[in-house]
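By written order: A, B, C and D. Residues from 1 in each chain.
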């Protein structure tokens, strides 16, 4: 049985989506001439500013292109569904984003993305554009803490890109921008849970199997298996299980501040996310952790996958300033 | 087979959601003491301003409570899932919203909502608060044009509330606010399509049946049957069918301006919405209609229902000014 | 026979039990032509009414019982059923104002007031495929029975039969009120959930009265 | 036997056809331990390569063919497969630079360069449950065969057999590279999709060479 989607030809879904994105968000975004998969902020790149280029596979909307705009990313290279973009659009993004102060590549830590962005960086070096890379590795479930560099980047991207984008927008030096980006990544912890699969537009088949009463804790945003499959539990227990894993690593002190993201993987509605946030807020309050700001909704999705993730962004004064720095993107505004 | 949700007890889903909403959006929202289902804007109600009270059943998030805030609605009465709120929270909302210049009730035209809001209005009259009602009836599919007063209110609420909220925020007179609200409703046209059902937290059963390859054009946002069930078509054809019905009624002239909302009913992801928007923008451009602004995403949902709606808001100078008027709500910002 | 505070409380409990047992069928009926929640609304409403009236003292008169049921039902439910049943109960309370207990005729008068309250609140006429299509013939049947010398238990039993028949007949109707009123021909062939639940409510009232009468 | 422009083009077409036929199996394999798109990526990539090389003139030398394949594959795909196969093709092109056509030994040298390119790009060692577990033994088998006097068709046939065996063996491995490297023990029992597709690719190359040789 095929899944149902409001698409035309699955092979053209990404390109047609981008046409629709530009039609809707022409005030914020444009595509590099001749490279429709290189999406650039109209207001963003400028001389002397470190350029921030993000990117990754499609199917995670509003990540990543929704976070392109003044105060956040300067450009986004768009890949096929769940597939890294090839070097070409990455290179075009970097050129468009470059203000001759260096270009920061930020994206989730996946083998494909690493290879493509690295190839792009090598080619850019020949054009005298220095690109440095900060991988996001916020998915607590995807490797033990002592192998954090192996972890995947998931919804916590949101905070990490936000911090880096603010640093760039404040015209900080390349070194500073890179430092803040790395620090933001180190301070960001995500755990996810999946209840039902998505399907790719090209196959219209569920991209993994999961029992009618099962959930999978720690599943990746492309349906990669997680750490544990079990019977679906009440929301409070699921939140507890996810939060406990995060807190072990984050080990906050009383009075610490965090920002919170409760993110839908796609079809899990706001009602459920807010129910989760209720528990999360209670638990944080119980341990004396102060929630500085909360976002709830679809920020990093897996097409129509059912499930949700929780991200804590452990703030200090600097990260809080970056978070509070205004940004104005096609699909996200803050500050 | 039960559907899967990240909830605790289905009977408490709405109340738990509201706790989570307030935890996340304490900067924007509070609940009237002793009436947790009456949600009020922290910045909004003030002396001399017409109060705007919206409301309806839960399960449509971010509608309706996400549209409470400065420049939009002053308060929202929250019902059970897909059920009008009773008079009590409506009354409390009206009292909190009242600036002694009248209170406007705006909500979708459903028998239950009409009865409950009317009862509330009667009781408020005894307290010398005048409440006038403007029903939203933007669902083109739900009755013939000559019976527009019978139509349902669906995602077009977004534009209608926005216009009314701006009028109120500009401190216009009660009559003017009411006139603009009615005009906004008359200028707003929505058509929806559903692909797969949602399920209520209390039953965890799909709330309607639909074949594996079927879609239903015109289905209501609670799963009420629409105008036509047929085989799922490619997105472009679906958009054409919906748009044609809207254009027949709206009959725009070349050079006219519209605002566009492409709304997910829940689990239909942004990729599909933008593919739809691509076709919509092309079609509008072909007939010389100018798109002033576009919103794409989850604005009026039916829990996890799969499907989408298209709304056109036919602008004139006045409605455009109202649309462009800034607002700052918990789940929506513009201007 | 007179109907005391205690038997009214028992009656609300009996109706709540009957509706709870019928919940899923009512949701399924509503799923076909409405939004699938009617069983939930009715269950919530009658559970709230049952609990609220159970909490009243022994000196509560029928009017207080009906008014308490109205308020608790309404606040628990909202929706369409809330105002309709709340108005029904308030009218019943008004109809028997000042009476410490109800004669058979009083009870039928309260019952007829309920039906009228639903009609007034919803502004629906018989034939518009709503709960009025169960309540209106039920009220008429109860009135005829009591006029013909029946007691309250028999009158409401007659009403229950009429309600069941009326509910069944909604299947052939096009809806003119409520959520299904936009369906036109597509609603034909499906029983209206509010009419179906009305038959359940009135049937449970009849059963409860029969049990009280024989007790 | 020498391998001409035409037979290289035919070979790309043959591989594209084999991969298209295998697409759904590859997606399913990737669904178990990855993100379910490997068949799509490979199909897109080889279709793009096939079309791009088909568009080259008759005077295109093998290096131009391989480089064209590399670029078109990469731009169509991205993902992991894109850089890996693009690097493979670029290395093959570099390995036979300047030759208007390929001898049997040239072809095997190009083939071995492909395998090395994949290893270099992905920095994966054999045993890490990637396509290297098919490509590395395949390159070795082809080298041994040609050293033992076999022609290109037989050498690649030997490579195909080794690739199939290598792919099969990934089932027992824990992944150390790629998307499945976070699964630990959970990846055991499942064949790596990239290794599986490598076996298909190399098998189709062998078939294509055999057909050209006998043609």
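Remarks
The definition used in the following text is that a residue touches a chain if its C-beta (ideal position, glycine included) is under 8 Å from a C-beta of that chain, and two chains touch if they have at least 3 such contacts.
As the structure is a computational prediction, the values presented were derived from the model and not from experiment.
Listing every chain that touches chain B and chain C alike gives an empty result. When chain centres are defined as mean Cα coordinates, D lies farthest from chain C. Computed centre separation for the pair chain B/chain D is 54 angstrom, with centres defined by C-alpha atoms.
Annotation: 74 Å between the Cα-based centres of chain C and chain D. As a whole-number value, the distance joining the C-alpha centres of chain A and chain D reads 32 Å.
Among the residues of chain A, those touching two or more other chains are numbered 81.
Shown for chain D are the residues in touch with two or more other chains, of which there are none. The touch graph of the protein chains shown is a line. Touching chain pairs in this entry, ordered by label, are A-B, A-D, B-C. Contacts from chain D toward chain A in the complex involve residues 24, 27, 31-37, 39-41, 44, 74-84, 121-122, 177-183, 186.
Residues 1-2, 4-9, 13-14, 16-21, 23-25, 58-59, 61-62, 66, 81, 193, 195-196, 201, 212-213, 215, 232, 234-236, 238, 260, 262, 266-282, 291, 294-298, 301, 303-304, 306-308, 331, 333 of chain B are the ones touching chain A in the complex.
Interface residues of chain A, counted against chain D in their complex, comprise 11, 57, 79-88, 110-112, 115-116, 119, 141-143, 150-152, 200, 202-203, 205, 207-208, 220, 222-225.
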